[in-house]
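I have a structure I would like to understand better, so I am pasting it below and will then ask my questions one at a time.
Every chain is named by a letter (A, B and C) in the order it is written, and numbering of its residues begins at 1.
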Amino acid sequence: MRLLALALSAAALALAACGDDDNEATAGAGEKPRLVVSAAASMTEALESCGPEFQDATVRLQFAGSDELAAQIRQGLKPDVYAAANTTLPDELYQEGLLSRPVEFATNTFVLAVPNDADIQSLDDLTKSGVKIAIGAEDVPIGSYTRETLAKLPKRREQAILDNVRSNEPDVKGIIGKLTQGAADAGFVYVTDVNATGGDLEAVELPAELRPEVTYGAGVVDGAEQPERALEFVDQLVDGPCADALEEAGFGPAP
Amino acid sequence: MLRIEARTRLGELELDVALEVPAGDCLALAGPSGAGKTSVLRVASGLLRPASGRVECGGETWLDTERGVDVPPESRRCGYVFQEYALFPHLTAWQNVAYPLREMRRSERRARAQELLERFGVGRLADSRPRTLSGGERQRVAVARVLARRPGVLLLDEPLSALDARTRAAAARELEAVLREVEVPALLVTHDFAEAAQLGDRVGVIDAGRIVQEGTATELAAAPRSAFVADFSGAVVLTGTARGGPNGLTHVELDGGGAVTSTDRGEGPVAVSVYPWEIAIEPETEAAHGSTQNRLVAEVLSVTTVGNRVRLGLAAPQPLAAEITQVSASALDLHTGKRVTATWKATATRLVPSETKENQ
Amino acid sequence: MRASWFPVLLVLALATALTFLTLPIVAIFVDSSPGELVDALGEQGALEALWLSVRTTAASLAIILIVGTPAAYLLATRSFRGKAMVVTLIELPLVLPPAVAGIALLAAVGPSGILGGAVEAAGIELALTTAGVVVALTFVASPFYVRQAMAAFAAIDRTLLDASRTLGASEARSFARVMIPTAMPGLVAGTALALGRALGEFGATLMFAGSFEGITQTVPLAIYDRFSTQFDSALALSAVLVAVSGAILLSVKLVQGSEALGVAAN
């Protein structure tokens, strides 16, 4: 019995160690330098696939809501690159002297996501009582796009939809999670997020006049450790392996 | 009448006992640790169910393994005093005593608890928590607690062993008084033969799960059936009155006649104790005063051979037991009725202060 | 004189630990002025978060105490085959990272979980509801209580129970009138630990119940929601949580201290 217990603990430790493959990030002499990239959660799959292809440095990615990442930079954290799901946040940081002049590198489509074969197929369907909706929190780009879109609707419909909101998630991953778990009936995300679920969810296109312009902006953080390589990375978000990866994921090209 | 029969295995110990205690009597089970003494009490109270056995008390059958009868502890009316008293630490003294009084109204419970505490001289401690009480005080509260519900039998587990030597004598006297008063059977266990002798009407020596001999303390000390009993039933206890004498010695007038000297200090009523093997037997001569050797003229009541030792039951006139070698016994031509002198050193004479009924 | 470097080393270690642990806490109160903190606290959402945290923590504590106390008593006083396994299972949530706890809850009683259908059929809604928050808090906090309670019951002198029974109290009565009061300091400590854990729970709650003001956004979730753009509000809520946790810890120490003093006076 004790041998079994020992074996189990050893296996558990080994698994835990395996799960952490960020460990190559410590740059020593003769190893590739490290590039830290703070990127919006909606770019998770795309950047994770193209990150390793970056030749001049080992790319270390961290994903979260764009607003959270901006707050970290304001508090003094210095990643090398900041890539957000809107242009507002990068512009603000630029004005505050914390970021280089932002580059618009991609666009995305704002959609309504529902489980496959759901009854909900339009914004109108969202006004019915008993529908549970998950959206982004106010300060995260996906949340502000959502509120911006809903504000374009007639007051009564906007209110009816907002009344059905049951969760303000800190990032798109949270919204997707609630949908795939069946906790929420509908959510507002980017089409790339729906694509990333590999078919578990379907995206309902919104009328063109309601759709917000979703433009992604990125820049080099002031005081970054690797400014030249950071600039290279930002450039190839527009044109390079990462640009390709983004396109494959469903992002639109730079405007 | 309390009747217990129990056979069961407890770890390495095979318990096999049978005993009877008439109402108003106290049977003291004396034996070394691990002999199974506490297990007998636990069987009696229902805390331990033996593989086979019977327990009857006051006409009620509490346990009968053959017929499948096993009354739970809370329904047997046992007054069990535990070795460390087991007072509930979160309750005051009076609340402890009132704990078993569930049928009464609250005001009555307090009154009855107070009454019992007064009776044991600790009435003023009614609102104190057990942790602030001394060992002797806790013992009295524990006894009061079991008497609150008028139990059908008293079970006492080493009632004096948790007390320091000074408190023990007073507590022993009090316990004796309680045992005399209650009209229910009492079963007491102890590792101290002298305690068993003092508190019990009869003593049973228990060893390795079996009662090896039962009788009065005097009988056991005078006529032990085995070397074990002989070794175990150690000191002889005489009662008398002490006063300080010359040279730092204490002179004790024994009740019923005779006198001894001790190097222990003492004043007033005392219990005198000496071990049988410290007593030498000589032919009868005049008792000499003032020497450091005690001499008592005694009549031989019984002669018992145990291995290569001889136990003598003597009357001096208080009962006395002496242990001498076979050789000495033969040389003295000992027989019942012969008068001899029992002699032992003043230094081997221990004094334990005690209280007589008059000055309690 | 030769070995005098050792005590110095000890002091240094303590000083480092103390600084490291207290600085972030002090910073919460110092980073912003008290006036700003109080203002931020008065904001509607902040008060709702506080009230929600209080309600959900109280509810989960109630469940934990009512179910956990007898369970802990059983584990502490009886032995049975497989007991070690049962104890390990009960303690498991202790070592689970909160995110794993969230996943576990979803997999069990989430809408797509193994019991999801049964839960729905019973008319109970857990995801995105306050009830779901209570479930998450109960799951992560109960081992903290049960473990302490077990230790407390196991430490009680068995003869107290024997005495109670010979004095006429059934085992149930003895449990209520003797075992619980005697184990009280340990039970209080366990409650405090569970309370602290429940108040601070974040990951499992977010994943299982979501984040919505007044319904599921407890204080930790509110802090997370606010820290990027309303830092003062986040600070204010953090300060309240620190104060409450500190008060809980202090009162436990006081209760234990008075018991210890009582024993020492013996």
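Brief remarks follow.
The definition used in the following text is that a residue touches a chain if its C-beta (ideal position, glycine included) is under 8 Å from a C-beta of that chain, and two chains touch if they have at least 3 such contacts.
Owing to the predicted nature of the structure, the values given are computational and were not obtained by experimental measurement.
Ranking every chain by how far its Cα centroid lies from the centroid of chain C, the top place goes to B. The chain closest to the protein's centre is C, with centres computed as averages of CA atoms. The centroid of the Cα atoms in chain B and the matching centroid in chain C are 53 Å apart. Chain A and chain C have Cα centroids separated by 33 Å.
Chain A and chain B have CA centres that are 85 Å apart. Residue positions of chain A with contacts to 2 or more other chains are absent.
For chain C, residues touching at least two other chains: there are none. Here chain C touches chain A in the complex through residues 106, 110-112, 116, 127-128, 206-207, 210-213, 215-217, 224-225, 227-229, 231, going by the rule given at the top. The residues of chain C lying in touch with chain B in their complex are 157, 159-160, 162-170, 173, 177-178, 181-182, 184, 262-263, 265-266. For chain A in complex with chain C, the touching residues are 65, 67-68, 70-71, 132, 134, 137, 139, 165-170, 174, 177-178, 180-184. Across the complex, chain C is touched by residues 42, 45-47, 72-80, 82-84, 86, 88-90, 99-100, 102, 129, 131-132, 145-146, 149, 155 of chain B.
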